[in-house]
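Naming follows writing order (A, B, C, D, E and F), and every chain is counted from residue 1.
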Amino acid sequence: MKLGILRTPARTILPISQKVIKKLSDLGAEVVIEKPESSVNWEESLIQNSAPYVSREEILKTADILLSVGYSELESVNARYWISEFQPFNQPDITGKLDAMGITGLSLDMIPRISRAQSMDVLSSMASIAGYKAVLQAADLLPRYFPMMITAAGSIRPARVLVIGAGVAGLQAIATARRLGGVVEAFDTRSAVKEEVESLGGKFVEVEGATDRSDSGGYAVEQSEDYKKRQQEKLAERASGADVIITTAQLRGKPAPKIITEEVISNMPPGAVIVDLAASTGGNTIYTENNKLVAIEGISIIGDSYLADSMPQTASELYANNAFNFMELIVKEKEIQLDLDDEIISNAKING
Amino acid sequence: MKLGILRTPARTILPISQKVIKKLSDLGAEVVIEKPESSVNWEESLIQNSAPYVSREEILKTADILLSVGYSELESVNARYWISEFQPFNQPDITGKLDAMGITGLSLDMIPRISRAQSMDVLSSMASIAGYKAVLQAADLLPRYFPMMITAAGSIRPARVLVIGAGVAGLQAIATARRLGGVVEAFDTRSAVKEEVESLGGKFVEVEGATDRSDSGGYAVEQSEDYKKRQQEKLAERASGADVIITTAQLRGKPAPKIITEEVISNMPPGAVIVDLAASTGGNTIYTENNKLVAIEGISIIGDSYLADSMPQTASELYANNAFNFMELIVKEKEIQLDLDDEIISNAKING
Amino acid sequence: MEAFNLFVSNHIIEIYVLLLAIFLGFELISRVPTVLHTPLMSGTNAISGVVTLGGVILVRSADSADYLALGLGSLSIVLGMINVVGGYAVTDRMLKMFKKEKK
Amino acid sequence: MEAFNLFVSNHIIEIYVLLLAIFLGFELISRVPTVLHTPLMSGTNAISGVVTLGGVILVRSADSADYLALGLGSLSIVLGMINVVGGYAVTDRMLKMFKKEKK
Amino acid sequence: MTGIVSILYMVAVFCFAIGIRMLRQPKSAKQGNLISLAGMLIGIVGALIQPLGEVDNNYIWIAAAMLLGTMIGWPLAQKVKMTAMPQLVAMFNGLGGASATTLGIVELMKVSAETPGGSIAVSILALIIGGISFTGSVLAYLKLEGTLRKQWVVPMHNFWNLLILVGMVVIGAIMVVQGSVNIPLLLGLVVLALFYGVFFVFPIGGADMPVVISLLNSLTGLSAAAAGAIYDNKTMLIGGILVGASGTILTLLMCQAMNRSLWNVILAGKFKAGSGAGGGTDQVMKEITKPDAAILLQYSKNVIVIPGYGLAVSQAQKTVKELDDLLNSMDVEVKYAIHPVAGRMPGHMNVLLAEADVPYEKLLDLDDANAALKDTDVVLIIGANDVVNPSANDDPSSPIYGMPILNATDAKHIIVMKRGRGTGYSGIENPLFFHDKTQLYFGDAKASLQEITEELKENA
Amino acid sequence: MTGIVSILYMVAVFCFAIGIRMLRQPKSAKQGNLISLAGMLIGIVGALIQPLGEVDNNYIWIAAAMLLGTMIGWPLAQKVKMTAMPQLVAMFNGLGGASATTLGIVELMKVSAETPGGSIAVSILALIIGGISFTGSVLAYLKLEGTLRKQWVVPMHNFWNLLILVGMVVIGAIMVVQGSVNIPLLLGLVVLALFYGVFFVFPIGGADMPVVISLLNSLTGLSAAAAGAIYDNKTMLIGGILVGASGTILTLLMCQAMNRSLWNVILAGKFKAGSGAGGGTDQVMKEITKPDAAILLQYSKNVIVIPGYGLAVSQAQKTVKELDDLLNSMDVEVKYAIHPVAGRMPGHMNVLLAEADVPYEKLLDLDDANAALKDTDVVLIIGANDVVNPSANDDPSSPIYGMPILNATDAKHIIVMKRGRGTGYSGIENPLFFHDKTQLYFGDAKASLQEITEELKENA
């Protein structure tokens, strides 16, 4: 059984690591990796020459299973299974494309968020990194200190950080911003989040009347117009003092809610920074452009949903572990056997 | 009395702030600021339109005193005094140039490090920022997490940080790296530093036999060859596990000691980051290039002595406060009167 | 009143002993960690085996032909002795649990 | 040996009283918060003013013409009484400090 | 001789007092028991050599009886299982009471015209109190053994109660006043006393037996004191009184520890026992008290802390570090087992513990922790639930089935800190909380940790 | 009558015992003192009505003496300043001892051929012990008042010590054996006893006086007990013994609280006292004890903490936060005054306090702090030195002249925590430490803070 690791254009993460290669060989799988265009320093640490680099064509021709971090167009593939993050909610035509290729897509981002599947949850591990990096980038871009400083040259008040959407990424952002000494407020529509925010030392901003559905598997649902209005007002108020805003609000299969309006931005002090992790689904601000830094009225807006890519070594390791944990579930006796009674597998299988 | 604020090429900091403009007007000084080439978002916050922008020529023609963060060639100046950071130790010909211009240079970096002068100590306030930013930039560049993480997708050990030279910048770097969750070791030739490092939760790496002269006013002195060898060995050992090295070792009026050798670097894991704050005096690594990011054997080396420039708003505020505190000392009855019995003033005055 | 005065005067010192002993008994127990409740109960219970002393004195004073007194007296010694021996031994075993074996 | 036996036999109960009282005295003080050390010292000091009782008995038994005994006895009452009154009063004042006036 | 004996007796008394005092702290308890034993031996020697005038001594009988008593008592104490100790203590206590009763009977049989009223009275007291203690203790034994599970209440229990007491007082008064004793009266007294013991203990539930035993223990002490009065023996008198008094306080302390009044325990017929019984299930959560938890931690050689979301909610990270430091100073090794999904975000526990400056070396990940747990004395679970839920291992119907967990049950003791009966993120019951080894400490985690820390500082 | 008096006396004894017991907890202490007072009144009534046979009674004298004693004692107790209470207690204690001595003298003067040796012996005891306690207490009073600051040690102190003791024993023995007393011997005894008190206390430093007073207090108790033996008065006897015994334990506890042995205190002559006396200067640093520091903090309405480099060195940031929380729960407001150059890098204190989660709102910068200090009850300086050095304001020759500082002296009380006499970064002396308002608490900052926190928890 040969596992081919494909690179995904514009992504730095490689869903494999030396440790996983070893574990896979115990499972009976041999790993080949698509040759990089140029060598990357951290990749040596990651792979440590434990699997050969081969050309993309060769992988497509010889591999039995493909593994990548995202979709890219392929021609004539030999493999029958392709494990990746296909995001079928955002790319509804993906199943058709896979069908056309005659390959079965196993989408890691479709794995249900049940306890047992946490070790395969790429959304969590990548979001966690993104939350961390969002704060680092904001702190680097901000023209002032995060922590409070009382010094001989003057006293600096701590930076105020507002986190919108306290999911995995948001919570990690709260934790990181607090570590750096920022004063953190956070805000979410799910009510359980209040306690979670407080458990990290953040302050929760309450907006009354949120819709919170427990049957949505931990994902947020769309909110009423009335609620959105109240949220706007509250936000405009809180944002006026914020030096950094980190937004992570996403809705499954829908464009991200536009939470940061023109009014909110005009309330922010010049030099402030917004990091929008929801950029790939449209962004939480009206100005967000995916993978771009835009400056509006003195405010910098970083739009990036793939911030994990800026920490590629760890991100690759974690991604590889997630993918391996999933493969361990589907590989039986050196072959892929999909047990469709298992909700993890049935959810991950998006076509074929 | 008219104070002209000059911009220094390649520097972002402006040595003035709205607060200081107000205080200066109480002192009887009117402030004019050199027009920026293009507007900068944070500058609005800093100045808040409390002083007019005028052209450079006009400042040179009308101002009685000049204030800038660094030296730049000027022709035909009206002013009799120029307050700046002239770094006469690194630019020995500076006095001659100032003499030629017929202007008296008051160099803020020459102010002795006595308690009373701490509020004018631009070296400290800028170094503090540099130490903070050095860690942020290293963390952003590092392909892995700083903090330890035990997650469903795998366990990540904390990043190891080695700080060389625990002066103002080094201490701030230690504090910031510890905040982010890194494991920090630090190293210095001055013996007092051990306790200081530990007072921030860092571990001190001991190399025996350092020369430590108390008459050097808090600045380090050059070390013996024997010591340098022992330091090399110890460092090579500690560096082999370090993900981040931050170097700040400087000697007054001498090129910075080359502490990070080829051997040390070859011991570091690929992907590791070195931030060299001693870059402007030659750097502490043999590869450092000032204001450049170089990559050697998988290691990124950021050479930047002016990291404070990357946090311009706060840096400008603090610089302005420092400069003001100095001016308060020399301005008497709306005029500059240099009391050369005051060691602060006599040290600051480098010519004329 | 006379009788009372007489009794109190004659026995005042014994009354002191009694009251002091009671007071002391109360004072001896205070803030005992709960885990020690049972050992403490067991330990004091062993002390109440002091009744054996009475048996000993009884048997010693008895006529060596008075088998009823001898028999009952010996019975009381047996019973009391079980209380004493068993009581102290079991307390000791309970307390052994508090020895922390060092690695 | 005889004398010893006699003494012990005659005074055994007094000895019990003494020893029990000493034991009780020890037991009474244990785990006193440091702030209470001084009040406690002051409070027990007031009790040692009980020596006044001796003065009272002395003066009562003295011949009403024996001015030396009366004088010294009264002196001891005065001294003891200062100890009693002052001791209790000052202890009470110390203990009042534990009432915190709320702002 | 008399002098020496008097002194022996006195030494015995103070050995008892000192012994009891030392029994009150774990450190000195064992030695205290030995000192008290020494007192007992000294007392027995005193009784053996005390000058009694011209008597037959009958040392053979005495030696035989003592030997017999020792041969019965010793093996019983050695063989009993740890868990059966309380009932054995009850049994021993009963025998002590029986011993006093026997003495009372013999002395009453000896009563003659010259016997002073006081002597008759103390003999009667020894008989009655000893008798009550005897049957009461035997019943307590049976209840604890589980042989007797019933507990009934006679209608008008208090009335009958009073009646028997009055009956005993009346018979006693007759004997004292008459200055003589006849067999029917004596028999009647014995029967009433024995019956009263049964009557007293029967209605009380098995769970309350420890308190009852402590109460009966203090009665036995009093009966020994009464017997001491018969023979004018100070050791018996004062020793008995010490036991009576300290036993009473101990009884009250035990009630307090159960959060009940003594009254409530004795009249327990009405209330059902088992205060910690599970809501719907018939399983029981066992609670642990503050001093017990503290001692358990202090006397262990290593502790593994399993932090969970509850630790974060109560922001107890610094408090747990403080406890850790304290335990370290007591030579207890403390580590932390970090479950990968503990808390609500990846690395949640790491963030908290780093904030509290817990050294990274003390953190164990899942695999290391599960290896270490096998050799761990106490595992302290702080606001964690799902991550230690064994149904993830063995209950395929559980929503968390298949998730790897921290195997807390591998450790010797388990202490769980949580606020109440709340479930975790997954909302399911956790069988671990009903496990044999598990003891719960309820309350906000931070407050709970502070309480234990305080307690430990006091013990130190 | 005898019966009633005996019972009154007995009640008095147990009132004393119960009173002492209750004095041991803050909550019941006040009431305990009243119960003990009640015991005293009952005892006095007993002494007044006790049948003594045909005696003159002289109630007039007694009434007059009691009135006089009351009129002296009461106003003294009412007027004394809080801080002067310990010396007043010493004085009272001395008078109690003097009273016993007087009784002893009178009784010895009455000695005749019929007087049993035992009576003579107890009279001698009352005289000696009371006498020692008297002069010792008066000396302690003077030392505490500050009237007497010297402390000298005679060469061969122990030898003389022993000699006086032997002298007293010899004289006493002569009296008992002779069965008679003559004036020179009596005088000699009195003089020796009084002198011994002085000799005993003189070498001990003022800071150790509380311990000495406690020891003398227990001596006074014993002298009262001896006097009780003279009159066969159980209240005096047992009451005195209770005081003697509990006083002894209390003395030991006080030594323990100071982390010294009793021995070390008594033999302190060798060690220099006033362990905080200025090195080269003749100014004196005043030390503050743990309980005083705790009470000062607890009973203030607001506290400002001034942290410095020492806080960082001892890594006490979390401990100070704990103290802060505790004080908050006691309704004391705590803020932090952050000097711009405190520590060794810009923002050093900020980093530390943020790590301990001190809310930013509690941090005051130089200007705000100096404004707030004017209305502050206690300022707690933790390991800061240069940043509170007033010579920066008023000594132009100082190397730190001109640096703005935190004006700690504006607050009502100043507590400084540092390890010893170390200077700060600038290496210069700090006159603040010798300021009237300043009290020093020596030790590593973290340990010191922990100690105070513990103490506060006990008070709470």
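Structure notes:
We take it that a contact is a pair of C-beta atoms (placed from the backbone, for glycine too) under 8 Å apart; a residue touches a chain by one contact, two chains touch by 3 or more.
All of these numbers come straight from a predicted model, not from anything done at the bench.
Between the contact lists of subunit B and subunit C, the overlap consists of E, F. Under the contact definition stated at the top, the chains bordering both subunit A and subunit E are B, F. Two copies of one chain, subunit A and subunit B, touch each other, and the residues they use overlap strongly: the shared fraction of interface numbers exceeds half. Rounded to whole angstrom, the centroid-to-centroid distance between subunit C and subunit F, based on C-alpha atoms, equals 42 Å. Distance between chain centres (mean CA atoms), subunit B to subunit E: 69 Å. Inter-chain spacing, taken between the CA centroids of subunit A and subunit D, is 80 Å. Chain centres here are Cα means. That of subunit A falls 75 Å from that of subunit C.
Multi-chain contact residues of subunit F, defined as those touching 2 or more other chains: 17, 21, 234, 238, 340-341, 346-347, 351, 354-355, 357. Annotation for subunit A: residues 118-119, 124-125, 128, 147, 149, 151-153, 179, 181, 201 touch two or more other chains.
Counting partners per residue, subunit C has 16-17, 20-21, 23-24, 27-28, 31 as the residues that reach two or more other chains.
Screening every pair of chains for touch gives A-B, A-E, A-F, B-E, B-F, C-D, C-E, C-F, D-E, D-F, E-F. Contact residues on subunit E toward subunit F in their complex (touch as defined above): 318, 321-322, 355-357, 454, 457. Interface residues of subunit A facing subunit F in the complex, by the touch rule stated above, are 147-153, 155, 157-158, 181, 183, 201. Taken in their complex, subunit F has these residues touching subunit C: 1-4, 6-7, 10, 13-14, 17, 21, 234, 238.
Per the touch definition, subunit F reaches subunit B in the complex via residues 309, 312-313, 315, 340-341, 343-348, 351, 354-355, 386, 392, 399-404, 425-426.
Note for the complex: subunit F touches subunit A at residues 338-341, 346-347, 349-351, 354, 357, 360, 363, 365-366.
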